[in-house]
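Look at the two complexes coming up: chain A is in both, with chain B in one and chain C in the other.
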Partner chain A sequence: MLWLGLVGLTALLAAALPLPYAPGVPDLAHVAEPPFGAGAHWLGTDALGRDVLSMLVFGARTAVLLTLPAAVLSTLLGALAGGAAGFWGNKARLAVPYWLLAGAGAWWAVRFPGVGVGLAVAAISLGWLFTSWWRKRELASWPVPVNSVVMGAATTLDTIPRLVLVVAVTAGTGVSVSGLLVLLTLTSWPHSARLVRAQMLRVRTLPFVEAAQAVGAPAYKVWLHHALPHALQPLRTALPLSIAGLLGLESTLSFLGIGLPPDVASWGRLMATVRSEPGAWWTFLFPTMCLIISMISLSSISQYRPSAASS
Partner chain B sequence: MLQPNQAAIDANNLLHVCLLQPDIANRKYGPALATSLPAVELVGDSLSKLAYDIRPTAAWDNGRPVTARDVEFTLKLMFCPGLPNEVARNRYRFIRAVLTDLKAPQHFTLVCRGQALEYVEASGDFFILPEAAFDPRGQLRRFSLVDLQKRATTAPPDSALQSLAQRYQAAEAGHPGQVPGCGPYQLVKWEKDRYLTFRRKPQWWADRLQPVPIALQARPKQLDYVIIPDAATATLALRRGDIDVYPQIPAREFARLRASPAAAALNFYSTTSYDVVMAGFNTRRAHLNDALTRQALSRFFDAAGLLKATQLGDGQRTVGVISPIEKENYNDSLALIPFDPAGATALLRQAGWQRGPAPGTGWTRKSANGDLQQLRLAMRYRAEGSLFSTVALQFQAAAAGLDIPVTLQPTESGAFSSSLKAGDFDVYVGVRKGNPFMFNFTPVFHSLGIDAGNTTGFSSPASDQLIEAIAAADSKTHRSQLLRRFQALLQQEAPIVPLFFLPNRIVASRQLTNLHVGSLKPGFMATTIERVPKPSAAP
Partner chain C sequence: MSRLVFWRLARAGLAIWTLASVVFLLSHRDAGAAVQEALAEVSDVQTDRTATTSAERLAAQAAVRERLGLNMPLFYISQGSNQQEPTWQWNGLHNQYHQWATGLLHGDLGTSYRNGQPVASRLGAALSFTLPLTGTAAVLAILAALALAQRLAASPWWQRPVRTLLVTVHALPLFVVALVLLLAFANPDAFAWFPAYGLDQPADVGSGTWSQIATYLMHMALPVSALTITAIPELTLQLDAALTQELHADYATTARAKGLDEGAVIRHHALRNALLPTLTQIAELLPALVAGAVVVEVVFALPGMGRLLAEAAAARDYPVLVGGILLTGAARLLALLLADLFYFWADPRIRWQS
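Moving on, here comes the complex of A and B:
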């Protein structure tokens, strides 16, 4: 916890810390300088003359600002998808106009030819909805196989190793920091979804959920207010492990030189510089230590039980 | 002929032979496929005729002799529509006709426009391809060389030319060794990004020559080229004896290896080279189309610091694309471009740029049509190695000090070339390879080279005129004067920023002998190498 706090604090204060060198500025007079050598580079410089200490500090910021949001967002996405799949299974139904509206939205998003067709379908759907509301008629509905869709998507994603998938996407076109955040989020949610779905299958049969349904509460309210909070418990363990996994993935991508832009400091990128300067052990040792300690700390947090600690 | 980079040219040198080839050892062109340098005849004041004889023993693998028809076919193929030969077209446009003689099939005369000094070397510096393999029915003979050179891009497609282009491209794409050559080696195995294996032809025509000229020597029975992108891995392979020669070794690896115990088993070579590290600006971009802005940005490069950091000071700073070792052509009256961000500020203001009041707002100016331009740059460079990354980071840091944002775009080697050709960059960092013989800058700086080899898109009537005059210069003194003027013009217009000439460093196993190392590309001759015979065991 102390280490993670330190990393978090460093990440927050990185720009304000009185570091002697900026992370992306090469010191051409001191390239591959060992720690405490000339030029006041306390932890040395890498093969391009960049200050190792600055890169570690700003690498911590990258790690926190990229992997933490990615882990939280993917966990949230997984929780919502898994929670919905577990609660409704394949029995949910959706009114036909909503289906048509979704189809019109997809038409627009995919940019099929003939924008007018999409707009016309959307207008018909809205008209249908308004008429039904005005005449207080019940709408015809079609089934929505939430469980099949969510589990199918998760299984599809799981069939391709995550590293391969991310490398394939990033190596082809290159991504920005925000792009990488989205990519990590979209490829990391299945684990959370599976955990929450499994828990939801148990929770939805519990008496308090059945009681809420019996008093006539709308299904989405029962799901959101009663069932979901109880189904999220496994994520307390999964979230730190997800952060650790994403930290390792980001470092691997940066080590391979296909993750973040080259001027964004990263522990993995710093480790990679040892390949062009094999004698510069300090460019490998320090970021590796940071990575290992962070991973162990996150793993410890996932095993932490408040009740066990207090007893 | 479709050669994307120097490595491809080096590989092709083993498969094909030119009429003339440079000798690394004495830095002179000598006869290869030709029996001697061409006999030059000046016709009036605007034409020259270069008479060649192909060696009588020269033959293709099927035993058919190499003839003047093959030379004519090769030149015509350069101008065949549908082939991406823009660089070759600009380089060999001066050859207007090939005069052949039915009675002497291995004799021919090249008719050249102008009477330039360098025609002797330039007219023989291309691989000869077999007509019979690509155009067995002789369809290209219907066209004269001038017809093809003058053929408009809008001309209706000719089915014979189209099918020829398709045949050639199919042969190139299928297997690099599929294009038959009269060189000493055959490509027997290869795997993309891994290795190439060349095997010596058991019966090569040059074996019958006595003595065999150095350009035609082919001593190793097999040559394996291993592609190792990582310097540390390549060094390890050399130490373990997995490879025998490590060319273009980075400076620090060279120094480390030299100081290590492994040095006892290795030979170290370091010579000058004609490879200049430079940056280029995309002058087609509105914010980079004026010389003052480019001059200002040139001052963000710390060439002295970069030379020290990346080459340990070994190499030569330069004012232009002519190497300082070419003393008669190098313009030593020009000053080196200084690393001077303060001076850059003044130049930017002169160019009409104004810095925003708050940090992060950058520099803007109004263009002639009233549009607001923002000074922000995307810098493209090859991702491999630390040389280009260091240059890019240094430039980015210097520009950031003046609030000019620079986005770095490290790019894989193949994609880098196509990005430059497509003009997808603001600034690029790369290496330009030169030589001391030919100074035809048409492919790289002339308006004819735009959208082909002229990556910066820079041209002006004055520079075009000067480039043409250099290519057509008829004496060394005159050419030298023109080259000096050209260097001054390039420094003034600043489409490129030459930083420094690289040294040529090679490390080789001591078990090798006859390794000729020199300044000309590729820096050493692989075909003369022999292994030191192992001492026979005592009886």
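Moving on, here comes the complex of A and C:
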């Protein structure tokens, strides 16, 4: 707990901390120097003369700024997708004019030939909606297979191990920090989606959801206000574990030299320098300790249960 | 039963096809960088004749595009580059995706951009290194997890410390374990028991078969142990939890009441029921070990599947990359099939239902 707070604070204040040396600047007078040696490098320097302490601090910033948003966003995405899949199953229905409207919008967005056709379809569907609202008539509707779509996408992403998939896609697209963030988010939502979907299948049948439906609340309101808060229970355990997994993935990627651009400081990259200088134990030990303590405290948070009285 | 298995396999196959297509399209979208890389390779080979003028360079790039088939349009339809009025045009069957897909259906994975070898032969050569590595690691991890979980479930005095140790090791990323092993046991400053790299160098001519086998084993010892160490905790913790739960069931009490000792109860009564969730995990283990091989083979410089993938990713050698993804997907399909067969064998309830 305390450690995680410290890492987060370091990450936020990284640019303001009074460090004697900047992270990416090589100090060629002191190359591969052990800790507490001459030249005020408190934790030594690596084989290129870069200061280990400042690389640790800025590596913490990279780790926090990359893994925390990725974990939160992917959990959010997974919760919404899994919640919708669990609540509606394949039985959700959407009125035909809305389908037509969505189709026309897509037509316009990808700029298919004949913009007039799209506009005509949109106008027809709007007119249909308006007349049916005017005459208070029930609209014909087509089913939306939410469950099949979400679970199919999750299965597709799960067939290949995440590391292999991320490596393959980063090779094709080239990455910046934000690109990697999007990629990690898009590849790691299926786990939380499965958890929320399983919980939602249970919550959906509970009496208070039936009561809300009986009162006459619209379906989306029942879903958002009544069912979803209860279906999010498993995420309290899953979110810290997801952060830990992403932390490991990020450092593995930068250890392999694939993920981030080479000028971004990262714990994994610092650990990789030990391979060119096997005697320099300090470039390996300190980032490894940071990584291990972070991951163990994250997994201990996930096992933390608030006492029954307070919850 | 067979229908269920068939549908699951069909869905997984469709998923693999989708994923490979997405990676193919994403990667071939910016083929310019790949052309640059391939051109660099070519100019490395023939250093005496450097293309200096821009016209010659453009001609060389066009030749490389022609050779790699990158001059064709990417997909069946494409968006015109005219900015004012974007248009869609139909490219017919003469496009890169169609060529790739038909080649794949004929069993042709394409040729590598970098050295022109067929992808299938490169993957095959890499697999001959990777399969013994991951296979040995998987078998060792499963055996160790089985043995350890059975001892742990009997709640000996060392139960708590071993569980804590397992949880700690579980938190470690694989490359940390591999690096620690490398720095501890293949380091001239510490213990230089094992060689750190060099399996891909040609062996000495004079050495006999036995010394070659010994060298091979020495090279494989550290990677296999790194993979095994990271695979053990998850399996063991899961199996241990399942066994502990099963030992509280009524039939376990009955077995104890018959006078059986705890070991016999675990081995003959609880283990088979507790194995079911572990079987799923073992099915997950097969593709996961391929991903683990990426890290381990890079750290220990083994010429296997994982390093091939990592180098292909770094060098934008897309045919090799897509082939690797397809192969991993095939491993996944195989694992699903095996898991279903094992379920069939382990749980009579599933057998009776079908």
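Note that in this section the second predicted complex is superposed on the first by the 264 of 311 C-alpha atoms of A that agree within 3 Å, B and C clash if a C-alpha of one lies under 4 Å from a C-alpha of the other, contacts with A are read in each partner's own complex, and residues count from 1 in each chain.
Here, a residue touches a chain if its C-beta (ideal position, glycine included) is under 8 Å from a C-beta of that chain, and two chains touch if they have at least 3 such contacts.
For clarity, every value in this text was computed on a predicted model and none was experimentally measured.
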First, second, both or neither for A:169, with chain B first and chain C second: second
Contacts of A:159 with chain B and chain C, given as first, second, both or neither: second
First (chain B), second (chain C), both or neither touched by A:50: first
Touched partner set for A:244, first chain B, second chain C, both or neither: second
Chain B versus chain C as contact partner of A:257, first or second or both or neither: both
Dominant contact partner of chain A by residue count, chain C or chain B: C
Contacts of A:203 with chain B and chain C, given as first, second, both or neither: neither
Touching both chain C and chain B, counted on chain A across the two superposed complexes: 174, 257, 275, 278-279
Residue numbers on chain A that touch chain C, as the complex places them: 111-113, 152, 155-157, 159-165, 167-174, 244, 248, 251-252, 255-258, 268, 271, 274-275, 278-279, 281, 284, 288, 291-292, 295-296, 299
In the complex with chain A, residue positions of chain C that touch it: 11-12, 15-16, 18-19, 23, 26-30, 33, 79, 86-88, 167-168, 171-176, 179-180, 183, 187-189, 287-288, 290-291, 294-295, 298-299, 309-310, 312-314, 316, 318, 321-322, 324-325, 328-329, 332
Chain A residues touching chain B - in the complex, by the definition given at the top: 22, 24-26, 28-29, 31-32, 47-50, 174, 257, 261-263, 273, 275-279
Touching residues on chain B, where the partner in the complex is chain A: 230-233, 235, 250, 252, 256, 302, 305-306, 308-310, 383, 385-386, 389-390, 392-394, 396-397, 407-410
